[in-house]
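The following pair of complexes shares a single chain, chain A, combined with chain B in the former and chain C in the latter.
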Partner chain A sequence: MDIVNSLALSSPEILLTISGLILLMVCAFVGDKAARIVTILAVAALFGATAITADFLTNPAFELGGDAWAGIYRMDAFGSFSKILIYLAAIGCLIVTPKFFDATGEYRPEYPVLMLFGAVGMGLMVSAVDLMTLYMGLELTSLASYVLASFTRSDDRSAEAGLKYFVLGALASGILLYGMSLVYGFTGSTNYIGIRVALQDGLSTGALFGIVFVLAGMAFKIAAVPFHMWTPDVYEGAPTPVTAFFATAPKVAAIVIMMRIALDPFGGQSDAWQQIVIFAALASIVVGALGAISQDNIKRLLAYSSINNVGFILIGLAAATEAGAAAMLVYLTIYVAMSLGSFVVVMMMRDADGKQVEEISKLGGLSRSQPWLALCMAMMMLSLAGIPPLFGFWGKLVVFQAAVQADMVLLAALGIAASVIGAFYYLKIVKIMYFDEPAGVVAPSHDTARWAVLAVTALIVSPLGYLLIVPLGALASRAAAALFFII
Partner chain B sequence: MDGFPILSVMLAVPLVAAVLCLFLDANGARWTALGATLVNLALGIGLWLSYEVGGPQWQFTERADLFAGFSYALGIDGIALMLIVLSVFLMPACILASWDSIQKRVGEYMAAFLIMELLMIGVFAAQDMLLFYIFFEAGLIPMYLIIGIWGGDNRIYASYKFFLYTLLGSVLMLIAMLWMINEAGTTDIPTLMQYDFPPAAQTWLWLAFFASFAVKMPMWPVHTWLPDAHVQAPTAGSVILAGVLLKMGGYGFIRFSLPMFPEASAQFVWLILGLSMVAVVVTSLIALVQHDMKKLIAYSSVAHMAIVTAGLFAFNVQGLEGAMIMMLSHGLVSGALFLCVGIIYDQLHTREIDRYGGLSINMPKYAIFFLLFTMASIGLPGTSGFVAEFLSLAGIYEVSSLATFVLTTGIILGAGYMLYLYRRVAFGEQKNADAAAMRDLNLREWFMLGPIAAAVLWMGVYPESFLAPMRADIAALDARLARAAPEGDAKLVAGEPLTAAANAMPDGEHGEGHGDDHGDDNSEGPE
Partner chain C sequence: MIQTLAFYLFAVLVVASGALTILARNPVHSVLWLIVAFFNAAGLMVLLGAEFVAMLLVIVYVGAVAVLFLFVVMMLDIDFAEMRAGFIKNFPLGIAIALVLLAELVLGIGAYRAGGLVLGVADGANAPLVGESNITSLGALLYGKYIFLFEAAGIILLVAMIGAIVLTHRQRPEGARGHQDIGKQNRRRPEDATDLVKPEIGRGVDL
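On to the complex of A and B.
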């Protein structure tokens, strides 16, 4: 009976795993010509998993969630919300991918399969309530990501990106594991509840070191300063659809596990880690903003922009409140739409020969040759800068509101003042597209899938997105309440 | 107009027209924009006519719970009403001013202006603090594009400076707003206007709001974005900047800083008066040496806005009314002056004062309008500027004689630079052949300047029309501020009013000197 229940609660992962294995067989026996159908089936599997998870999130019968597999896996609203976001981001990335590789003919059916396994890992991560499950999920995702980063084998930059990502990722995993072993050593448990109970009576120095190492490892994964150095190189080198994937789904998963681990097992000792998070938040905002200014490659710029955004998200974590957690989830949702939209625009930056264009200056005068593309990109950029009435403003607002409610007015003031630095380089892109003379490099794109993804993300980012505030806010609050429920 | 959501309609009209403009060709966009702004002007006049003077403080209120955390709440009092009317009044002139001078990307240009109109009305009509902030900040985007795409040679620098300067000013205000929402538990502006924040917190909140409004206003020394933005913006952009965007700063002071933080406002009177005094003298002197017409008018705007801030922080009815009339008057006058500059710029493509001269010979009609607006800017009695300056200075005098003295020298300097400008442009000999060959006003330009000239004279001769809707709101604000009002150095004592009319003659002489007249009157009466 127990195993049936466990299977039911983890059904999204099981569905994705089985689909992944079957599709792997298809790859092996049918070969490269199956790429298209495998992609479609993978998208269908992700949609299926999304539907199941959405039922978990909204069905009153699952209000309280439930523990599966003897307390190492937990299905709750928090995990479900994050998983839906992850699956949707993965779907968005998958839809726009095949066209990207058309020019080089390097698209292979392994790509969607790797995405599926990555999604399984991320699902496992966000539902993990045990350090071991967490690590399994994290590594499954990371291994899929390393391969994806070097997917274009003929491109040196892609191979370099994969290698860099692997070496630094392995280092991060090592740090994380070391932290976990310290936590286990000083609390006697790998289970979140066990750790929480053990830390209730006070924090020993060893456990403190454990917490610091675990958070440092997490900071690597979410690319927060001072562990951000890999991000620009990997984002630049990896094929653009893979970069779009890195900037969305795994980022969401990593931030969500950081939230869960900070607020659940270490939640009773928030004083111990709050200052780390505050530092990482402010440093990420400032470094992300300053680093982006001198970039002339759009992918590197977006990499710094993602570092910058992680800083804002961490402000919600620094508050260490339920409102802060809900605000982070809202921000993450908007962030996924903004990043996905920006990277889709980057994918559409191709010259007449179909070659990818990455220099920002090549965007010159885009508003005259392709007004709609330029409008979408301008909206993404201004939204990332947090200028109302675009929806990115709402994300920043809720995060800062949470910080103010938690009596961290100074943090909020510093963070928002630093956001003005970031506005500068976002404005630079708008300036190049709208004020400069046409460079005439970017050729029009007619791919329906890309335009569809771009249109959906642009609609979310546009002022119409504000109509989502009520449902999104309600779901995020529910998810945050589930995270705090165990306390 | 019961139940008719007139404010929402005023927001919707430019929005729909803006979207349409993106799809239309140049001429279609021009006519659409003109039509939409005229519809909005008609709605604005309807709003003014149906506004019930002496009625409830907040009228035309609308509310829709579309969002969580803040609400779509609109409503206006007399102060907001007048500023909305000013905005919709200037917009058709802006569209007309861009009719021929904007030839590239007309659809986008008109769309940007219509969005700007939507946001300006939104700022003045918002009754929810976050909604206000969204409208307030969103205005940066269309203005950034207007300056950057259609501006002058140095437009990129000016657009960046405008955007980042104003953004930096505003973000701290957002944090202050979040703190207030957290403390008071509401985002409703009318409620917050009655909420008493602890005086210690008020100081910080006031400073955060000050950072935003002082930049927007702009007050010396954070005014430096204004001359750049004004000079580089296309004519209509300058009109909107000077006419309405600057008023958002003043509106912010009168809507947020004063009623929400009366104690802190009283505490910082010295700061406001000090900065205003410096601003008036310094920027007037700078204006005196300008060679660029737009820059000169831009600096004169800073000087005029300094009188507004000083009037607002006089903590009495005259000061507040004077500041409001000053904002309305300056909106009309400086807008009209920029239009005047635009008219000759379109023909000669230079703003250099020395390139003109003797325009009153070949452009007499133009010279008359230009003279009228110059005089209104100086504050000649009979024009709106006089009413504004007189009321403001009378109010400030109750607080500080020194400030009044210094601000008045600003008016003298103002007369100096404006008359000097006018002399160099319109009088003297026609030293430049191309300037001498310019044509006089055409019909389109008549339609731009005529209505503004009429409004300037109306406000100068019968300001009551404009003061009446605001009177109750300013009295309410004055009552709210009374508990914190600083003691002035003038210590005015109200005299005994005469019982008889001012021109009545004493009885004894009356009988002798005018007996005959009276007799005649009587005899011609009933018989």
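On to the complex of A and C.
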């Protein structure tokens, strides 16, 4: 094993880990006063990791990627693309955080440090080509997430969210681990290539059970139906910046590992898992859409919206083709922008006393009191609904296109039909903001960081986002090709 | 011969102390019997040539886990009468579950004997080093091939520690009850703290 080469290939994780450890020392010796500076340094570290990963993604020398640490870690375009998306989402969530906690004064420097270690875990997950690396990354991310969910100690809902997330997350990890042990027992290898080779001669019942358990565990992590029950409660209870984080970075990481594990080690046996993924996709779209209708809390509504979106993303996986994988990555990128933007708007919903406003009815007449905020929210909602001039439409289009190309016309048709149900509640929010009597609750916000993140996400989501189609499409195809290269 | 003798000695002791663990009336005695069971299981592992597992059993299970159990058992206020009442109430259910588990075991062994189960063949990537003890082999894997994962496990434990402290540690505000200023404590000299006075006979001191 060439250790220098391995260190170079995993440099984003190493950089983030070392920064996390140094910042932890700052936390310990300077105390709570350091919260702001630690946040800034953590953002800087994440930008550094993004820059390194971007070099891996675009540098022709890494066209074929490279195996590190004796074949348990793989740096390729697929992992790099996902990692950049994850780091950018984490940066977006981190920038808007300090202001959120100003009202309660509960911000502490450990928050950005946990976020950094979470990012390390997600990097490990998306680069894993061995079940052990995958599990390590997953646990690292999950542990950081549990703590972040219950970070507001003065709020009982936050503690409840953390505990629920912990118990159900542990259950999901158990299911996943059980599946992994079955796969290992029946194939004799934890390495993706080894599993793929062992499964070539046919699938034994035991290995099939293993695949099903692994996929069920992953469905828990990405909150796909029927393993979605925890999502609304956790999203509602966790502090809003943490919810924004859950809806973006860890979700990207979990979907990406699901893609890699389904298409790489289990890729030769796609018949075994395709029907499961098709069911999860359709059920997520329908349950996500129907569940959201009766919600009056905006965070719960966005939780159901994320379940709904996971369903659309899984349609790309059900296709089990290179085009499907590329479409998923495009959808994920747009989804991160939409999701982050909507949660930033939720964070800006505060009354004159600085208290968080979460009821949807309180948004009434927002277009008159705060036209820009209302415009941004309306764009996010219409884009999530997939209405054409906005960029969200493009994501749905490529995913459905991939499904049709893979001869899954029925799946695509059902997905499109169900997305109409989803459009209802997105339009309801727009209607409340633009046509209802002003509730006059939400006070104007002047925080530059939030407006900056909101402006960037709104620009991506706006019709201007279509300028990104060519570069985004090219990078996503390159990433998908790297995923299918070994196959 | 001596190996067979040792095996039966350890095996009988493991089973006997295991039975005594659940039969002992005093929970502290139960934990002590559990420790005996761990030691004898470690002996069995040595007979199998797995001396690393044997050492782990002694260091981790006896040294840490059992001591932790002892603390918990001693600190918990257990009402034995109530516990026994619960035991008798749930006895039929326990028997039923035990029977189901037994049936599963029999079926599982039967299926395995019938040869329907084809397990994977290990790919040999983690095979032990030839001519080395299993401690050396495990060390070579942990600190060589899997050093990256080993370090990642360390970071996971660190995050768990940060989490526990973040969620439970409360900085007491200055002046509040229980607030501790270590610098102030260290700066305190004997001269500041004690006064040597010589009171006259028959009179008290002014404090």
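Couple of notes before you dig in:
Everything below uses one rule, namely that the second predicted complex is superposed on the first by the 486 of 487 C-alpha atoms of A that agree within 3 Å, B and C clash if a C-alpha of one lies under 4 Å from a C-alpha of the other, contacts with A are read in each partner's own complex, and residues count from 1 in each chain.
In the analysis below, a residue touches a chain if its C-beta (ideal position, glycine included) is under 8 Å from a C-beta of that chain, and two chains touch if they have at least 3 such contacts.
Since this is a predicted model, take the numbers as computed values, not measurements.
Aligning the two structures on chain A places chain B and chain C side by side, free of any clash.
Of the two partner chains, chain B is the only one that A:427 touches; chain C does not reach it.
With chain A as the common frame, chain A serves as the apex of an angle whose CA-centre rays point to chain B and chain C; its value is 160 degrees, to a multiple of 10. Of the two partner chains placed around the shared chain by superposition, chain C is the only one that A:69 touches, whereas chain B remains out of contact.
By the touch criterion defined above, A:108 lies against chain C but remains apart from chain B after alignment on the C-alpha atoms of chain A. Touched residues of chain A were counted for both chain B and chain C, and C has more of them. In the superposition on chain A, contact of A:168 is made with neither chain B nor chain C.
By the touch criterion defined above, A:189 lies against chain C but remains apart from chain B after alignment on the C-alpha atoms of chain A.
Legend: residue contacts after superposition of the two complexes on their common chain; A:404 is shown touching chain B, with no touch to chain C.
By the touch criterion defined above, A:17 lies against chain C but remains apart from chain B after alignment on the C-alpha atoms of chain A. No C-alpha atom of chain B lies closer than 41 Å to one of chain C in the superposed arrangement.
Under the contact criterion defined above, no residue of chain A touches both chain B in one complex and chain C in the other.
Those residues of chain B that touch chain A in the shared complex are 22, 66-69, 105, 108, 130, 133-135, 137-138, 140-141, 144-145, 148-149, 155-156, 159-160, 163-164, 167-168, 171-172, 174-175, 178-179, 181-182. Across the complex, chain C is touched by residues 1, 6, 10, 17, 24, 31-32, 68-70, 72-73, 108, 110, 113-114, 117, 120, 124, 132-133, 136-137, 139-140, 143-144, 146-147, 150-151, 153, 162, 184-189, 191, 194, 198, 204, 206-207 of chain A.
By the touch criterion given at the top, residues 117-123, 125, 144-149, 152-153, 155-156, 158-160, 162-163, 165-167, 171 of chain C touch chain A in their complex.
Those residues of chain A whose C-beta lies close enough to touch chain B in the complex are 367-368, 371, 382, 387-389, 393, 397-398, 400-401, 404-405, 409, 412-413, 416-417, 419-420, 423-424, 427, 430-431, 434-435, 466-467, 469-470, 473-474.
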